[in-house]
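Each chain gets a letter, A, B and C, in the order it is written, and its residues are counted from 1.
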Amino acid sequence: MASKRKYRGIDQLSTRDKVVVSLMVIVPTLIVLWLVWLPAIGSVLLSFTNWDGIGPLSGIKSVGLQNYRDIATIYPPFWPAIQHNLIWLAVMFLVATPLGMLFAVLVDRGVAGTRFYQTSIYLPVVLSLALIGFIWQLIYSRDQGLINAITGGTTDWYGDPNVNLWAALVAASWRHAGYIMLLYLAGLKGVDPSLREAARIDGASESQTFFKVVFPVMRPINIIVLVVTFIESLRAFDLVWVINKGRNGLELISTLVTQNVVGEASRIGFGSALATIMLLISSVLVFIYLRIAMKEE
Amino acid sequence: MSLAADPVQERSEALLKPHEGGPQSGRRWLLPVMLALISLIWLFPLLLALVNSFRDYAFTAKNGYVSWGGFTLDNYTNAWQQADFGLHFTNSAIITIPAVILTLFLSCCVAFVVARFSYRFNLALLGFFLAANLLPPQALLIPVYRMFRAIEVPLWISDSGTLLNSFVGLILVNMAFQIGFCAFVLSNYMKALPKELYESAVIDGASVTRQFFQITLPLCRPALAALAVLQTTWIYNEFFWATVLLQQGDKFPVTSSLNNLRGQFFTDNNLVAAGSMIVAIPTLVIFFVLQRHFVAGLTLGATKG
Amino acid sequence: MTRPSSEAEYLARMVPPSVRGVDRRTLLRGALGVGALIGAGGLAACSSNSTGSTGVPTGAVTGTVTVGSNQSDAVPKAAVQSYMDAFAKANPGTTVKINTVDHNSFQENINNYLQGSPDDVFTWFAGYRMQFFAEKGLVGDISDVWKNITGMSDALKKASTAADGKQYFVPITNYPWAVFYRKSVFQEKGYEVPKTLDDLNALGAQMKKDGLAPIAFGDKDGWPAMGTFDQINLRVNGYDFHVSLMAGKESWTDPKVKKVFDTWAGILPLHQADSLGRTWQEAAQSLQQKKSGMYVLGSFLAQQFSKGAEQDDLDFFTFPEIDSTIGTDAIEAPIDGYMMSAKPKNEGGAKKLLQYISQPEAQLLALKADPSVIATNQTADTSGYTALQKKSLEYVKSAKSIAQFMDRDTRPDFASTVMIPAIQSFIKNPKDIDGLLTSIEAQKKSIFGS
């Protein structure tokens, strides 16, 4: 079915088309370059200083690698944060994302009331942080929370550092599943119905149809979901921040960056060093993704 | 492959109905029951907050939240009166609407080029956009702040004379942080579109602009709807950059209304919950408006054959 | 060269060497001997210095004065509006434009706010947090306003003075930290206010027998437990050591600091269990519901109690004596107030407004918003005070030295990124005090040495 004709080269575009194509790329590129990459480079450079963010740039003094040394040696929250980020990543990959995909597939079947189901699952994504903080406080509070009231227990869901990460992950999965469902649903709607029909005529069962036919053609969407999960897990921030500003068992790298950079603390250099470490970790993974993607092109 | 919509539509509609229970029609009840159960589990925490937003704080403080009684509408009237929603809803609209539209448009442009003309260069381009999303925005705070303070713009763009304190600056930042994600998602959706569609267009001599607007964009409707919903939610709820870059309370988006309901030490959580419910309405409306695109799906098979 | 007072002197040493060390600035400092000029942003500092000489206008002022306010919730916001309106009314031709930003955003953005286009006058706190901006040249010298201020105690003036001996702050209200309890509970059970640590332990044991949690405790947000540390340190080591420790001049591995944590570990069993998941409001509710006997907190605790009889039932006593040679004459009472930005657009109006804020009329209007705080001006009419306010006033007046609060008395980066996690980890595991103090000291050296 694939065409043998060569028609997809820029070379074969008219001059006007070439201008259009260039503009389509250049404008967004410039915006991202200017407002994301330029500051990112600035941030990397600042990570070698102890600047407090006040005064002219000329007053900045380099301290070499001291921030990085301090982070690895005398900054207690750093290693727990790395560990928590990895746990976060694992739970999102193994639980929340598959759950969201499953919901999308179920909702896609078009049973009566599908709009209601979609809305219910998506609602957590819409809510403001203030509300999400309150909602889970109602459930998890040690003295007044619903769980302890029903079970009669005294588990300190938010305060016990062995428990609170998992409590936060339940809340995070609750939101993440709705988000993934939405993205995946949009992908499922793009699948050619005739494929399913053909599979059904061949006598394939529902799950066979999905795994053998639908899932493979959804490959680009599957990649989206994987990458999104990855980004979200690495940048995970707001939920933990609204619970206790990322302390006492809920340390994540992004909260450490924020604690140091935002507010009066203003350890710009130190915070930038934390951010640079985060950037390095993500870059490695982006690089791996690009390698895989290139091989397949 | 046929470009005609109707036969496919009929076929897909015909498919959906008997599809429900599949061959094993004895388990037809299973799916709705499962979905209803999931929905209830997902809604439950929210309902809990909703109920408490209608309760008096003094009552819940005395009896705890796991109790019954103290119902009142006061939280809603108080929240509405105290939080200055009118002003802040307007600010949010000024920020969110242009930011979402421009983000989606520019992302479509990038994604189209990346998906339509596959070069290695384009993959690198995608990496360039995607990696930008991996940084915690807080890390970029100081450099962006310093740049905005230094860049002077005409007064008709910003009454402060610089990008700092201006809606334009905030919209630009929101765009810059979202384009990467949207471009990535859209390019993957576009890659799933059959190349044959373009083939006939090229043979017809359609320009790039026409291919973009008449073939690609209409086919990306579900993805665009999904992204529009997500982007609206995110940019609308975004508060971090707004406080840093706007600095003036009366320019703040609606999230600040909620913070205005909190005291320095003391917070009436029931009141904040009521305010949060009000604040959530616009994003819900957007979701409902665009939802039909997920329900209906595409009228055209859009998968490589 | 002006000789700084002893308090000012150590505060001057809080300035990081990176800021002090640059040659040009050292030169400036040598030439002018003015601490404010040490700060980065030399231009701003220069202008603030030169404008300082214009003085407070004695006659009428005109134009618009802009005010940055963090009082964003309804009642305090209305109170701010009311005294700003009163000021505008008293000064025809003057308008006051209030830029209200919610408390949290205001605090998180203060550095950027002051370096952007700040309002002429803005709300802030006394203590290191005030000194820091003075050192950096981000706020304006208002010593001439202070020449006209009446009714403020010397302690308040000292609290408004930066390392260079000049004033940068005008107090409006303050509130004490102490041990709060319900009178009805103490009466019913026949409890006596504890005078010493032994009394406290005995009372705690009795309360436990009576089925109460002796001391309510909630540290989910990290800052409330700082108050407990401050109280114990003030009792174990006294005010001077406390201030010196906060200034980064003492070693955290000093046995004196260890004694503070040891003492705390001794009374930790009296505290409500599982405090790290509990907000202060929930802890306060346990006091209100008579499930706890006492609570070490600021007087804003009253906001969790219903107005009227319930608030009247609330009383407090000073944290018990631990060392008789140290006594109990040092307390903690954070001061809130206003500062002027470095380059106000309407300096005359700003100064006049600051002077107005120091006076009883404005302060009493401010109290309407929050009856748990007290006016700082001694001449303010106290006839409208609640019993709790009257007691607070007496308490603050009788204290020999007044600390602010850990996050107001030390570097904010040290307080938030080192001390909050450290204290929380102490609460989790009160056994490893030595390891904890070694870790704090290492981080302190890195932060204060930078």
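Here is the rule we go by: contacts are C-beta pairs under 8 Å (C-beta built on N, C-alpha and C of every residue); 3 or more make two chains touch, one makes a residue touch a chain.
This is a predicted model, so every value here is computed, not measured.
Participant: If you tally contacts for every chain pair, which pair is highest?
Facilitator: A-B
Participant: Which chain lies the greatest distance away from chain A when centres are computed from Cα atoms alone?
Facilitator: Comparing chain centres, C lies farthest from chain A.
Participant: Quick one: report the Å distance separating chain A from chain C, using the average Cα coordinate of each chain.
Facilitator: 39
Participant: Roughly how far is chain A from chain B, centre to centre by C-alpha average, rounded to an integer in Å?
Facilitator: 14
Participant: At least two partner chains per residue is the criterion; list those residues in chain B.
Facilitator: In chain B, 239, 259 touch at least two other chains.
Participant: Tell me, which residues of chain A touch at least two other chains?
Facilitator: 53, 137, 141, 143-144, 262
Participant: Where does chain C touch two or more other chains at once, residue-wise?
Facilitator: 108-109, 112, 115, 285, in rising order.
Participant: Which of the residues in chain C come into contact with chain B in the complex?
Facilitator: Residues 70-74, 76-77, 99-105, 108-109, 112-113, 115-117, 280-281, 285, 288-289, 298, 300, 303-304, 306.
Participant: Taking the complex as given, what residues does chain C use to touch chain A?
Facilitator: Its residues touching chain A are 16, 18-19, 21-22, 39-42, 107-112, 115, 129, 132, 136, 138, 220-222, 273-279, 282, 285-286, 412-413, 416-417, 420-421, 424-425, 428, 439, 442-443, 446-447, 450.
Participant: Going by the contact rule set out above, which residues of chain A touch chain B in the complex?
Facilitator: 1-3, 5, 7-10, 13-14, 16-17, 20-21, 23-25, 27-29, 31-32, 34-40, 42-43, 46, 53, 57, 103, 106-107, 109-131, 134-139, 141, 143-146, 149-150, 174, 177-179, 182-183, 185-197, 200, 205-206, 217-218, 220-221, 223-224, 227-228, 231, 234-235, 237, 253-254, 257-258, 261-262, 268, 271-272, 274-276, 278-279, 282-283, 286-287, 289-290, 293-294, 297
Participant: Can you name the residues of chain B that touch chain A in the complex?
Facilitator: Those residues of chain B that touch chain A are 1, 8, 11-12, 15-16, 19-20, 22-23, 31-32, 34-36, 38-40, 42-43, 45-46, 48-49, 52, 64-66, 106-107, 109-110, 112-113, 116-118, 120, 123-136, 138-144, 146-147, 172-173, 175-177, 179-181, 183-185, 188-189, 191-193, 195-196, 198-199, 202-203, 207-209, 212, 219, 222-223, 225-226, 229-230, 233, 237, 239, 255, 258-259, 269, 272-273, 275-277, 279-280, 283-284, 287-288, 291, 293-298, 301-305.
Participant: Give the list of chain A residues in touch with chain C in this complex.
Facilitator: Against chain C, the touching part of chain A is residues 50, 52-56, 59, 61, 63, 66, 70, 74-77, 137, 140-144, 154, 156-161, 164, 244-245, 247-248, 259-260, 262-267, 269.
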